[in-house]
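Labels A, B, C, D and E are assigned to the chains in the order they are written; within every chain, residues are numbered from 1.
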Amino acid sequence: MTPPLLALHQVDKRFAGGTLALQGLDLAIARGSFTSLLGSSGCGKSTLLRLLAGLETPTAGRVERADDAVGNTGFVFQQPTLMPWARVAANVALPLQLQRRRQAEIDTAVAPALAAVGLQDFGNAFPRELSGGMQMRASIARALITRPALLLLDEPFAALDEITRFRLNEDLLALWQRDAFTAVFVTHSVAEAVFLSQRIVVMAPRPGRVSEIIGLDAPYPRHAAFRATPAFAEACIRVSQALLRASDG
Amino acid sequence: MTPPLLALHQVDKRFAGGTLALQGLDLAIARGSFTSLLGSSGCGKSTLLRLLAGLETPTAGRVERADDAVGNTGFVFQQPTLMPWARVAANVALPLQLQRRRQAEIDTAVAPALAAVGLQDFGNAFPRELSGGMQMRASIARALITRPALLLLDEPFAALDEITRFRLNEDLLALWQRDAFTAVFVTHSVAEAVFLSQRIVVMAPRPGRVSEIIGLDAPYPRHAAFRATPAFAEACIRVSQALLRASDG
Amino acid sequence: ADKVVFGTNWKAQAAHGGFYQAIADGTYAKAGLDVTIRPGGPQVNNRPLLPAGRIDFLMTGNLLHSFDNVKNGVPVVVVAAMFQKDPQALFSHPGAYRTFAELNTAPVAWIAKDAQFSWWAWLKAEHGFRDEQLRPYAYNLGPFLANKRSIQQGYAVEEPISIRSQGGFEPQTWLLADHGYSTYSTTIEARVETVQKNPALVKRFVEASIIGWVNYLHGDRSKADALIRRDNPDMPQATIDASAALMKQLGIVDSGDAQTLGIGAMRPERIADFHAKMLRAGLYKPGEVDLSKVATTAFVNQGVGVALARQLGAGR
Amino acid sequence: MAEPAIDHRGRWLTPLLSTLAMLAAWEAAVRWWEIPPYLLPGPLLVARTLFENFGSLLPSWWFTVKITLAALALAVVGGVLLAVLFALSRRAEASLAPLAVVLQVTPIVAIAPLILILVDSTTAALLVCAFIVAFFPIMANTLQGLRSADANLRELLRLYRATRWQTLRYLLVPSALPYFMAGLKIAGGLALIGAVVAEFTAGAAGRETGLASRILEASFRTEIPKMFAALVLVSLTGIGIHLAMQALARRVLGRWHDSERG
Amino acid sequence: MAEPAIDHRGRWLTPLLSTLAMLAAWEAAVRWWEIPPYLLPGPLLVARTLFENFGSLLPSWWFTVKITLAALALAVVGGVLLAVLFALSRRAEASLAPLAVVLQVTPIVAIAPLILILVDSTTAALLVCAFIVAFFPIMANTLQGLRSADANLRELLRLYRATRWQTLRYLLVPSALPYFMAGLKIAGGLALIGAVVAEFTAGAAGRETGLASRILEASFRTEIPKMFAALVLVSLTGIGIHLAMQALARRVLGRWHDSERG
């Protein structure tokens, strides 16, 4: 068996303020897998994602990150996190700039990236001139533009309407199948998690820990029709119940 | 018939950048009603809410706001919009401070307001020490603390897990019935809109305008069981179809 | 007693000794005056305070200021000239230059700002000095000591003492007064209004100051020195002693007319002669300065203190 | 705030009117109390003197302006470089910040002689002095600005393993701009005053003299109206620099920073 | 940045070591080129002179410190008040900003006599001069800070119909704090230099003298080691003020502002 791309061993995370955000967490993320994180607000999903990205260090335990994950990670933060002084196109182009790509290459990459999230007309706008959902979409475009090996998404579609959300869900899956990256996806939507993932990690709060891990074996590619299948509905119910158990426990 | 609390007549809103966010918008909000706004990302929902609050002025047309709405409005912005230098309790207390309430009165009001959104243990934290969903909940507590006559909510629950979200939905309805305020609620969740509202305004994009208005006559109080009724499912389907029509048109 | 504030143009030093003497030994008090001395300083400009009425008398370095006052309609007038010779001098390293005429070949001349606007113009016009030599003198000897070919300005009764102690050599002193710079110095200015309305006060102040100077130069100056050191705590007694000795040796105060007419003596002809030189130096245009308004001799030339000086053994 | 934005004409009219009002009050005070011109000349007299001496003041003004702008440029370069160094390394800050403070608080008057010994050309000495006066606000403000970069954006760049240089270029520098602009407004005035004060203390006379020499000369020679004329030139120059900086801030921050909206 | 935070001991050790290194280099230079003490004394000689003259320098130092702190307090009050006025009303800014600039760029040397005529006590004159030097950075920075308040929070307050005073208290003042602190760092040094320069020009004579008088005296008498001893006192005071301001900033911004993290 190949070693996992990312692995957490008995990880604790306590913040300076004293909050114990995560405790005794064990988790392995296989290369090329699609994992969703579900859990109540404040249970430590974002913190876990930041540990996976190497943006936080654990207070106890160990985080192992394979070499090909480091420096080749796309991250959609929970907040849009755009540079207010740069136009949308420049914001989206930033990761390429940081990789010192040639300007021509950048220009050809940015236009389709914007179009993919429906922002083709707003490349010249400043972030403050976008709606909340549009800002998140710009942030998604930025995370995808480098075709990262590891994609971490923190509630990327929460601010979007269902139609856009469904479309982007399918687009994301198509990309995942084409590029075979590893995805860790935080969402509050059970249906979204079921639609997208191979594995759903249900977290319990106070302190944050893994409550249950639910595997989903529906085959890919999954399309809109999958949402209408009994298997889908049944999985949703299983996950919802796991969530209920996690928040009761 | 009593005049509406808020009324928009043929309102256009064009931003300095040139974007025409709203065009020819007519809308009346009756006193004590619960209205939801649905529409694709960037179609002008937030802009409409800001017009209703008097935070923007229309470029054409008229916005009429009854005297009892002015200065007695609670607003949950799409972003948490907390003061980074103040602790959570102080952030929530701000509206009362501005109304120059006595400190004792403020102290007794803040604790239950925090508890209502599950932040009883975080009154002493700074906003940066909260998770995204917790920040939104603080913002909701702040909007409710003055018991406003008009409550404008811009995707307040988008960052929350379904369990918390369902609970807060019911809490909100209970408050609405007790205090008889007027609510305008922006959401991307069709189910949420159906569960909460008397009336759903479906907006169409580019430029933003009212596409359809769907009335819902399910009686209040509505509880979790309502979600399981055929009437609920049927309404959801109707609204979803209206949304599809709006984004196609 | 009448309250009188007397402003000087520098920190307390031996060159102000006579005035401190008159306070210390009660000469002013005897004249019915309660005098406060307000020292000036390198960047402290007490001069506007006189016409503004914040001080009553002002000690002024040379007559140029008085010419400027008349030219600009400032209603003040010179009532006495305590120094017959201006102690203003140039210094050079020993043996660097043989004659005053050679000084204009010095590569560097450390000259303070105020001098650049007054007698430097005269040195240029009369003695061939050049602006290229100029470097600003911030009353710090270091740059001069460091450059053997440089020259610098200074007070003949002040700088040689510190050059001696810091540089360890006796500088050559070129007194401007010996080369045609014929201004009076350490003059006392008063407002025209005071002179007209209260001449008695002016007379008492001038005459008590003269007596003060006689006593300072020829009598026991220990109490005056104590006052000087109170106003300027870092002034060592040795410097005061050396300075006082130089004043006598160079005949700064008590020479020429002063020996017969008394200290403070002024002659209009000499003022006119000095004015003519400054005219040639281009500092003034003809007719700009009404010489009759520059000074009044009503309070000097009475032989005050001459007898006292002889009695104290002056000239011996 | 609730106050409506002043319309375009108001933007010029208000300061003009208020300046005129102040000048009128000054003139009135001078006439009412009959303050003689050798103490405080009225603005009319100053204006006339300025007009009459304009030809002779102009070269001095130009000299001062040159020193000011050169010193400001040096201060910007030096201050920004130092701030960048400090922002990139706490160690560098800990080692060098004391030196920067020492430079700021050392009175030029005291060290001018040393500078004159070390530096041959008077103009260079003037520049050094004016630079010392002007660089600190740029440094302190830019540093605070570089430090104030958004923590989330900082993490984004860390994630992409941006080099220090990239972090600087793409994040820190734009974040510091509002602070830098405020520092520039302060330093603009300080460079001017630094040029003047430096000339007071380190300046030579002769042909190459600036406004400071004219001020001193007029002061020594009790030509107070002329002194005020020169001071007015200094003030006008300061206001000019200030307006230029303000326009620059508006241009640079205009479309994205809260401070330049409305 | 990637650099690890310096540990607690390092925070003191680094500047100490770097200062010692600089002093050693200075001493070595003085000895190597045999620079005479009347040009540039070595640090050892300066230290000895400082030690020997400590008793006589102490009262002067204390006098300067008093003026500095008083001027800084005045500058804070005046600068903040003016900034608040400007932030609340663009009109007020348009009318009065030119005056503030004029105050900033007018050389004290030139107007000191005028101040001495208007103000009776020398100490008060010193205060006025030092204030003039120090107030502008506070004003400019605080103004920029007040303007930089988050637009969304501004709207929130508008919604609750907060009065101007409330907007100021609950939003603008906290928003301005990071800018104000940077301004304070600048003004701290400027108040000190202002106190020194003011004493040079408006000179307290007689018993009540500060470090400026000691510097000048020593300079005139070419007691350069003593001058440097006094300058060192000024520098140390400046560094002390700077460290105090830094500690204050850390206290005030510590828990919430990006600039004071890590």
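Just so we're on the same page, a contact is a pair of C-beta atoms (placed from the backbone, for glycine too) under 8 Å apart; a residue touches a chain by one contact, two chains touch by 3 or more.
In this text the structure is predicted, and so the values were computed from the model without any measurement.
J.: Looking at the contacts, which chains touch chain A and chain E alike?
T.: Output, common partners of chain A and chain E: B, D.
J.: When you check each chain against chain B and chain C, which touch both of them?
T.: Joint contacts, listed by label: E.
J.: With centres defined by CA atoms only, which chain is the most remote from chain B?
T.: C
J.: Counting C-beta pairs in contact, pick out the pair of chains that comes out on top.
T.: D-E
J.: Specify the chain most distant from chain A by Cα centroid.
T.: Farthest from chain A by mean C-alpha position: C.
J.: Roughly how far is chain D from chain E, going centre to centre by Cα mean, in whole Å?
T.: The answer is 16 Å.
J.: Centroid of chain B to centroid of chain E, CA atoms only: how many Å?
T.: Whole-Å distance between the two chain centres: 50.
J.: In whole angstrom, how far does the Cα centroid of chain C sit from the Cα centroid of chain D?
T.: 39
J.: Counting only residues that touch at least 2 other chains, which ones in chain C make the list?
T.: 43, 45, 47-48, 52, 138, 140, 142-143, 146
J.: Of all residues in chain B, which are in touch with two or more distinct other chains?
T.: 79, 128
J.: Show the residues in chain D shared as contacts by 2 or more other chains, in ascending order.
T.: If we look for residues of chain D contacting two or more partner chains, we find 39, 109, 113, 117, 150-151, 158, 200, 219, 257.
J.: Pairs of chains that touch, anyone?
T.: So, checking each combination of chains, I get A-B, A-D, B-E, C-D, C-E, D-E as the touching pairs.
J.: In the complex formed with chain A, which residues of chain D make contact?
T.: Residue list for chain D touching chain A: 150, 152-153, 155-162, 166, 170-171, 174, 177, 255-257.
J.: Which residues of chain C touch chain D once you look at their complex with the stated criterion?
T.: On the chain C side, the touching residues are 43, 45, 47-48, 51-52, 64-65, 68-69, 71-75, 113-114, 116-118, 120, 131-132, 134-136, 138, 140, 142-143, 146.
J.: Hey, which residues of chain C end up touching chain E in the complex?
T.: Result: residues 11-12, 38-45, 47-49, 52, 54, 138-143, 145-146, 162, 166-167, 230-234, 239 of chain C touch chain E.
J.: Which stretch or stretches of chain A touch chain B in the complex?
T.: Per the stated touch rule, the residues are 15, 17, 19, 38-42, 45-47, 78-79, 118, 125, 129-134, 137, 154-155, 158-165, 188-190, 240, 243-244, 247.
J.: Touching chain E in the complex: which residues of chain B?
T.: So the residues of chain B touching chain E come out as 50, 53-55, 71, 73, 75, 77, 79, 81, 83-86, 94-95, 97-99, 126, 128, 146.
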